[in-house]
Amino acid sequence: MSNGSGTASGKIRVAVWNEYMDEQKRDTVTCHYPQGLHAVIADFLNREEDISAKASLIGDPEQGLAESVLQNTDVLVWWGHVHHGDVQDNLAQRVIEHVQGGMGIIFLHSAHKSKPFTRLLGTDGYLSWREAEEKCRVWTVAPAHPIAAGIPESFVIEHEEMYSEPFGVPDPKTTVFISWFKGGNVFRSGLTFERGFGKIFYFQPGHETYPNYHNEYVRKVIVNAVRWAKPQLRIGVRDCPRVDPLEW
Amino acid sequence: MSNGSGTASGKIRVAVWNEYMDEQKRDTVTCHYPQGLHAVIADFLNREEDISAKASLIGDPEQGLAESVLQNTDVLVWWGHVHHGDVQDNLAQRVIEHVQGGMGIIFLHSAHKSKPFTRLLGTDGYLSWREAEEKCRVWTVAPAHPIAAGIPESFVIEHEEMYSEPFGVPDPKTTVFISWFKGGNVFRSGLTFERGFGKIFYFQPGHETYPNYHNEYVRKVIVNAVRWAKPQLRIGVRDCPRVDPLEW
Amino acid sequence: MSNGSGTASGKIRVAVWNEYMDEQKRDTVTCHYPQGLHAVIADFLNREEDISAKASLIGDPEQGLAESVLQNTDVLVWWGHVHHGDVQDNLAQRVIEHVQGGMGIIFLHSAHKSKPFTRLLGTDGYLSWREAEEKCRVWTVAPAHPIAAGIPESFVIEHEEMYSEPFGVPDPKTTVFISWFKGGNVFRSGLTFERGFGKIFYFQPGHETYPNYHNEYVRKVIVNAVRWAKPQLRIGVRDCPRVDPLEW
Amino acid sequence: MSNGSGTASGKIRVAVWNEYMDEQKRDTVTCHYPQGLHAVIADFLNREEDISAKASLIGDPEQGLAESVLQNTDVLVWWGHVHHGDVQDNLAQRVIEHVQGGMGIIFLHSAHKSKPFTRLLGTDGYLSWREAEEKCRVWTVAPAHPIAAGIPESFVIEHEEMYSEPFGVPDPKTTVFISWFKGGNVFRSGLTFERGFGKIFYFQPGHETYPNYHNEYVRKVIVNAVRWAKPQLRIGVRDCPRVDPLEW
């Protein structure tokens, strides 16, 4: 067992995982994210003195999920969509084992259907959706939670893809945010979970054709979540040991 | 210890508690509830073959909360508003003890500030509100929960008093419903809790100047909740016993 | 969507899944379970008027997990141990999808390392253990839960394999039982979870070399759990639908 | 709203509340706690660089719970037993309101029957007990929780008053510790809860006739709990505000 801060600098080491394939290189996305969503996310994280973020892409060796990458990651941020099915099962399992061992993970937006998300939570990732240039208002349901630090009672996102309840996830540890959509829907948009030694946060905003990772509150939530998800302890894969009696 | 179905008939015995003081006898209320909200609620409950409901009013002996009333009640439905402070502390405590002993309780609408609600949950009952002839859409977040049986994915209430997050309650056992309000707010409008042997359900709809206890889905939710909250076991007030060792 | 009681008889349809391979045909096991653990479990379930149980073995077609089997199962009882790794991934996934769709599942004893258990809960199934002819006392922590109906405050199992905390599972919905072991250990031995529309119960007793599925309270817990886990609703695998605005 | 660290020094301000009446001045107690349990607890807390603790006694003005005391307390540690009933209702309510507003609170041992505990949790505080010079082993169920930092998988307390399940509390936020007692009982001995903006920790060890607040692990748990319970935000008593529509 070791504690989770591994760098000489003591910074929280973040890997921002993304697909960054053809779809994300279309004009509707590059107008907001010229070098990809991951680049913008890593950039605003790196503006924090206590965070050191870099990108990890599906096109990298071992799909950006090499053992050496994960061992040196305190918190993994996951953005995926059209290539969920292409992530190799053994690499998804590796991510899951690192989370169980203490690595934090933040699932953004469409990551609700990714292999690590559905397999850590035992969910099918069900929700309803539409893309309609739709106004969204994010409500802070748990104002005293560290992830809500500095976030107002509610904030507006001018356009976001609508995600609607019922959301097929198990009971969260804490419901931090619930979103209102102009078209009549609601969605539990900020949820924490725990699995093994690892902390998990799901956050809904971040459709690729809207500039929402430039929104100051969306950024603040993700920064807060990185700090919250930092491992308290970090362990490796473990077997069930046979133990002797302590009393007799 | 005994099981909770006490009548010869085997029906679930419900007491519908209400203030029914001056405020509820104004034209804006009596147009919807000529004999009071409690009368309408007890009436639709009594249409169910397995439920036997009667009213219990703050003007009754011991404010409608006599020991003999509570001992013969499986599920207490509570509607209160302007007279929360008038409920005597010892009677509120009696209700709490019956819930701890297994009696179910359903808190409707403004009961979020009642003594039994705030003291069972340890909450100040905080929320924001407005009366604005406002459209409300209730979303079913937990479709497999017994309280959601027969309730669609969402249903509309044309006018309801708006209640908004943040709602100052502790983590619910299950979030069954979340409401969308036209004016931009969301609210966890159907929540279950457990205290001692008793089951608790809070349900937001039911402002006195709107006819919402005539809404078929609101009624169905309350009927479902009565069945769900029926005691599995019923016990009396208990002290902490001294016990002998079982092994040595 | 349909409700879960599918037989003409209206009985709860249970499949008791077991490995029943070489290990379970050794003398140390057959002295207690001559036709296998599954036979004894199915037998005591079938003594209940509202339950119809049959066995499903890893040696059956599609490892006892054919689509036709699961579609006609309300509650799956799972006992597995040395062949966890032999269960095919696609069949484990089929079980998971049926649970998400509403099928109840009861994991017994060493099933904490089975593929359906670890993948539904996102756990590595960690615990410590020993086989030492050890006395176990099961404590009822949630006496008003339906699974504890008729179970005393505590009951003794003369010999059980010791399983110890820390148990690497996520927060349960309800902790129903906690076990005391003579050798100094404790274990959360009865835990409920929910995933999708399905209810999950884990119950620790049942090592194959002890006669514990002949214990009256162990049997009663499993009977209670079958009734509790019966689906409220049953749905199939679902995609995330695009939906139109409801308001605008 | 303000954040919770109020001293110029930035230390966590702890008040250790105790009765310290006749019972605690008997030889069986003073042999372990010559100046009272509170003195020993405040002393080991004050050895931590980031904590500043002082005592607050039932014999002090306003029973040690003056508004000025609570406003300058980040975390209240509560040890009470024979004088639970003597704490004035309005002062218990003041404590509750400060917890709802963000003050952390740690309930030790027999505080399970104190007014602040039972009223924050809505519990009757039920448990069984015996005094029998009994060996207790505390198991760490949530090893990655901050309150378990530095605590081994289990540790022994040579003599502790036995407290047994069933413990009549509502579902905890996290079950951190479960205790094994030689006489055959188990008890969820370390539990977290949240109410409003405040964090709550209950910890079982600490019977007055045993020297258990001198135990290094018991001390470490309490130190960890103080750090964990420090307010993220601190607010005052609040009414439910009427708010205008945000959208229309």
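Which chain is which? They are A, B, C and D, in the order written, and residues in each are numbered from 1.
Heads up, the rule we're going with is that a residue touches a chain if its C-beta (ideal position, glycine included) is under 8 Å from a C-beta of that chain, and two chains touch if they have at least 3 such contacts.
Small disclaimer: the values here were computed from a predicted structure and weren't measured.
Asks: B-D versus C-D: which has more C-beta pairs touching?
Replies: B-D
Asks: Using CA atom averages as chain centres, what separation in Å is found between chain B and chain D?
Replies: The separation of the two C-alpha centroids amounts to 32 Å.
Asks: If you average the CA atoms of chain C and of chain D, how many Å lie between those two points?
Replies: It comes to 37 Å between the two C-alpha centres.
Asks: Which chain B residues touch at least two other chains?
Replies: Each of 137, 143, 154, 164, 171, 173, 182, 184-185, 194, 196, 246-247 in chain B touches at least two other chains.
Asks: Quick one: do these chains touch in a line, a ring, a star, all-to-all (complete), or other?
Replies: Shape of the chain contacts: complete, all pairs touching.
Asks: Which residues of chain B touch chain C in the complex?
Replies: The contact residues of chain B facing chain C are 102, 135, 137, 143-146, 149, 154, 173, 182, 194, 196-198, 231-233, 246-247.
Asks: Quick one: in the complex, what on chain A touches chain B?
Replies: 137, 139-143, 153-154, 164-167, 171, 174-175, 178-181, 184-186, 188
Asks: If you look only at chain D, which of its residues touch chain B in the complex?
Replies: Residue list for chain D touching chain B: 89, 96-97, 100, 113, 119-130, 132, 134, 162, 164, 168, 170-171, 173, 182-185, 193-196, 237-238, 240-248.
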